[in-house]
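Take a look at the structures listed below.
After this come two complexes, each holding chain A, first together with chain B and then together with chain C.
Let's look at the complex of A and B:
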């Protein structure tokens, strides 16, 4: 049941949501944000797509990536923890690198950021699969 | 020993499950064989690590991992002592034993819906609950366990499964809620959730705080363990999933509740083990009796077995009740006997559930009134089931005998004649119930209600996949019975470690937070520092 208004709107809103997602994801280590919240927000972008284009279209596009997404996200998250062991310090010990960006300053990146990416992938996959399932039930009732 | 090893029983199942999820639908193909292989490798490594931990801790050491290098009580702490590593080993053995049975019996639909990753998540939750060094992570791992088991219960979508799954999850969530309330109260009154830190501060805490916390934890863990009168979720849900799933649940899930009871009462409230002894022993006696009476009135094999789980949890709690009691026997004898009983129960109960499941699949039903005479078709299964049944009832030379004998010794030694008498009566009733079960199933006229003739044990490969684990676990039970002395020494080490509160605190070594003071140090009437911990 594609909606005309929403189809107009989602062209603007979906990119905005996804950029905001990325912003929240990277800001999350020391400030509110992080993988979980960013994942929820990205799933909100998918829900917008579901509302405007219908559940079937979205399922056709992203459905096959959901289960691998959960798995890969978990792998990345656990891998970030194991990296601490390989760095001979301890499980889940954060390892940080400073990458110089010239005039822009420094980019701090480390295993906690990678962990957040993993959490992000898990959350966005899980919540999107919930949303697809719930929307299928809702559309089934309407029909 | 490298403390990072403690992360393996949690990280390895998680990692493997993630890998299985990531590759299981690669390119539209189902890589079931790959899933089975990877699961087997992960479970073998897990068993190896658990044995290494047991070898280290049972020589009197503790192993502590402060994750990410953050000192307790700020970071996540994992602790292994003898009790923990014994149970980690038992979980590893049961998961490994159930895997071939699952490969032989689980239907393709469940394998496709992620049976193997789900069992690995369940293992992660169980291992995590054994290892957790703080109350909040214990809660988290309980939830991991609950969610994984809920999905395993309901995958397949039969109406009976969904029905029992909902009861299971709602009643367990209520128990979790009580636990969460206890954790909140602990944090509000003690200012910490780290278990060693809590134990330290509880020594000087107000009696009301102690009573409240102990009561809430007893209710919530007791409900998870299936104690009277909070056991009713168990028999209403355990008989619906496939036998391979039920063996994991029946063998291990309630024992996580028992473990947390052991841990919390020995670490937090050692004095309440004396003060609350009548309550603990009363609950234990009622659980034993109600469980076995319930079992005698049930119409199907698997329902009988689920009620026996409840009855036997009562024995373990009886051991907890006399943990620090006794006149001639050493202190901790009761706890050691209870741990030995737990090992015996985990092995034998899983064996019986697997054998009962094989009966059900062979006959197409496990209603006692409708089946019979299987001994003529499947003599080997009949023998194995019989041996497991008498092991459960406590006939020598199997493990049930030594563990029940040591429990009986300590209850009589400490002069609790009533509960000792109940335990003997319950043993007799268990024997009666198990022989009746065997007679109804294997003896008499051949009755077969299913539409198919027995098929499960016809193919040679599947026969060994199904009977191999049952026989293997029986050999373990026999070994435990024959070398009872040696195993009792091990569980005695574990019990002494568990009762050594000061040793646990010293091993975790929680640092005192400097700016943030808990009320244990600064009573609330200090005018300058009102409610210092919730700034």
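Let's look at the complex of A and C:
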């Protein structure tokens, strides 16, 4: 049941939510945010899409990425841990790099941040998979 | 280097999977390269190892637990490493032809190469826990390989049994390894092996028994031997590689590894002698009764594994050499024989010996490989198998000479009987499948699909290596001696030779061959006898019954703790949480735990929020319709979020708010569509029960939060101070919550997201279950994803 006003809202809100997701994910290490919260935020954006366009449309768009998303997220997270072993500091010990961005200054990035990306991928995929499944059940009852 | 090898195997597995190799022969040949290069590299290391320079490698994994990733290439490691990589190279090529034009070939390669990496890691490992991790890796990949044809019920059962048996054994072994590591004070295998006094440790016998369980389950020793014949539903390359040449020898490898540290006690000696001996005899005995070539070879493998286990009971030079030669010889004849069985199956469409005949003439190259392999399996001179058997008998004879009559005669007599049985089933296989004329078999199968050269190449090369080996004993000593030295911990210089003169051992050997031939001639009687044995002598039926018992126990307990209402489920969960807490609290004095509340004032906003919370909760409980209950529950959640904002916990507030929104939307969606609640009102008693449980849970929750802020509870908790102090210098982040999640407590988070992923699988299954489908008949078929299609075929 795609509602007209929801569609309008969705056009404006979804990009905003997704950019906000990105923002929360990146700043998470120093300010409120992080993988868990960003993942939930992205899932909320997908839920908005589902409400306005229906479950099937959204499933066509993102459904195929959900299961790989869970697996890749776990792999990235484990990989961030293993990086510590290869760096001879131990499993899940953080390794940090300073990447010079020229005039923009320095980007400090470390394996914990990469780990957070993995957490994000798992959370957004898992929650979206639940959302799609439950919405399918809900929409099915309607008919 | 070694870790790089393992990674390269894994990556080539993925590349092979990606490249869809099933219709590209060139990729089949390319797949030989990674294991082939590893083999060459190891061969080049042999002179160094023979000189006593071991190649080692070490990374710290979790130093606080003594967990390293460390490898050490000594004689034993390189012997097994060569078998794993060398046979692996052959099997890689063979696989391409065996799974000709099957689209799932790429997946098989992925599982096969992952297995190869695990197995190599296992034999190279120099840390008990590293060894365990790779050990489990082989169990899992073996499960995937056995269950490769997952549409077949037989394959699924075989895979499940193998996983349950080896998995359970692996867990028992882990406990044994930890006991061993703790009593030795180190998890490094080379240090444990060098350490003295392990035998006097209080945990010695428990650790040894547990390690036995691990080794026996993996190497299919009695009474766990039944999983190996069951695993024969795997595609033949996997049977040849895992269930004959490599994985089933992991248990033998472990026993050999631990031999210097743990052997030479009555427990070790009699444990291995008895279980190995029984396995040797029943394996050889049952092999004669089998008509399926693969089943015959499987029982023959069980028997051979029994011999190896039995040999490791001893510490004498002969026994150790016999074990080393046995491992090598077995890989070089049994592996190729399995591959030959696959070719025969491919060429004729059957593996039933009663329908096969005259294959030596029909497919000569394959036949040649088979004949050479079978002669070695029978232990006829002058083959490698003969040498291994001679060493076994020699060991028994020496024991008798040294006055250990009982053990000596057990080995000598058992070895001779097994030798005769080996000859009998080998001759049966040789005669019925390859030599006899077609007219002798009823309904003989025709060769309608002669194997191409690439198909035959791997078994032929392996079997030729095995045939040449006894004539190259001089150079081979470079490989055999260091391996034997690693097992016995005393330097061994073998002087192996095929001809020892007319010794009692040789005469016994000849008598065994003679009686084996007689058994072969009278095989019809023997087979009838074996067919008349009761079926439940085979362990798999007992295992099946045990499993069914476990399932029904699970059903009964589930029915006990979960009645058919949500309230009932919740009540059980809450009570389980409440009772232990109350029990624990009854040991403390409550007054100590109460926080000091003097001077604390409730501010206006706090009061308003608390009031709102209470009202919303009350409204939820009293709500007449589901919708209003959901809405007021949302108010409760948002008010809690407000509390977080008020006490400046923005991360918590954000998370709570998002969860609240998502739950609310979903609940509204689902409940909006549900029909009205038409159930009769609950009985008084039940209602009272629910109120009671809720009250208990509420009070305990409240009291715990209250206690948590008291002096006594916070006295010993310096950890939050540590977090605030080190978040920026160590964690490189100013958001403490996030630094805790992704750095200080990253391990916890890792566990949590893994649980999430597993929960997603469960949710996926639930929401796609038939019950959920009844609710949603409008499933668009065009929308079916690939995963769903797989599920469909699985069900069919």
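Please note the rule applied: the second predicted complex is superposed on the first by the 143 of 143 C-alpha atoms of A that agree within 3 Å, B and C clash if a C-alpha of one lies under 4 Å from a C-alpha of the other, contacts with A are read in each partner's own complex, and residues count from 1 in each chain.
Methods note: a residue touches a chain if its C-beta (ideal position, glycine included) is under 8 Å from a C-beta of that chain, and two chains touch if they have at least 3 such contacts.
As the structure is a computational prediction, the values presented were derived from the model and not from experiment.
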item: First, second, both or neither for A:44, with chain B first and chain C second; value: second
item: Touched partner set for A:31, first chain B, second chain C, both or neither; value: second
item: Greater chain A contact set [chain C / chain B]; value: C
item: Chain B versus chain C as contact partner of A:64, first or second or both or neither; value: both
item: Which superposed partner A:85 touches (first chain B, second chain C, both, neither); value: both
item: First, second, both or neither for A:72, with chain B first and chain C second; value: first
item: Contacts of A:127 with chain B and chain C, given as first, second, both or neither; value: second
item: Contact residues common to both interfaces of chain A (with chain B and with chain C); value: 64, 67, 70-71, 73-74, 78, 81, 85, 89-92, 94
item: In the complex with chain A, residue positions of chain C that touch it; value: 59-63, 67, 69, 650-651, 654-655, 658-659, 661-662, 665-666, 669-670, 672-674, 730-735, 737-739, 741-743, 746-747, 749-750, 753-754, 756-757, 759-760, 763-764, 767-768, 772, 775-780, 783, 785, 787
item: Chain B residues within the chain A interface of the complex; value: 3-4, 6-7, 11, 14-15, 17-26, 28, 65-69, 76
item: Chain B contact footprint on chain A (complex, rising order); value: 64, 67-68, 70-75, 78-79, 81-82, 84-85, 89-94
item: Chain A to chain C touching residues, read off their complex; value: 24, 28-37, 40-41, 43-44, 47, 51, 56, 59-60, 63-64, 67, 70-71, 73-74, 77-78, 81, 85-86, 88-92, 94, 96, 108, 110, 112-113, 115-116, 118-119, 122-123, 125-127, 129-131, 133-143
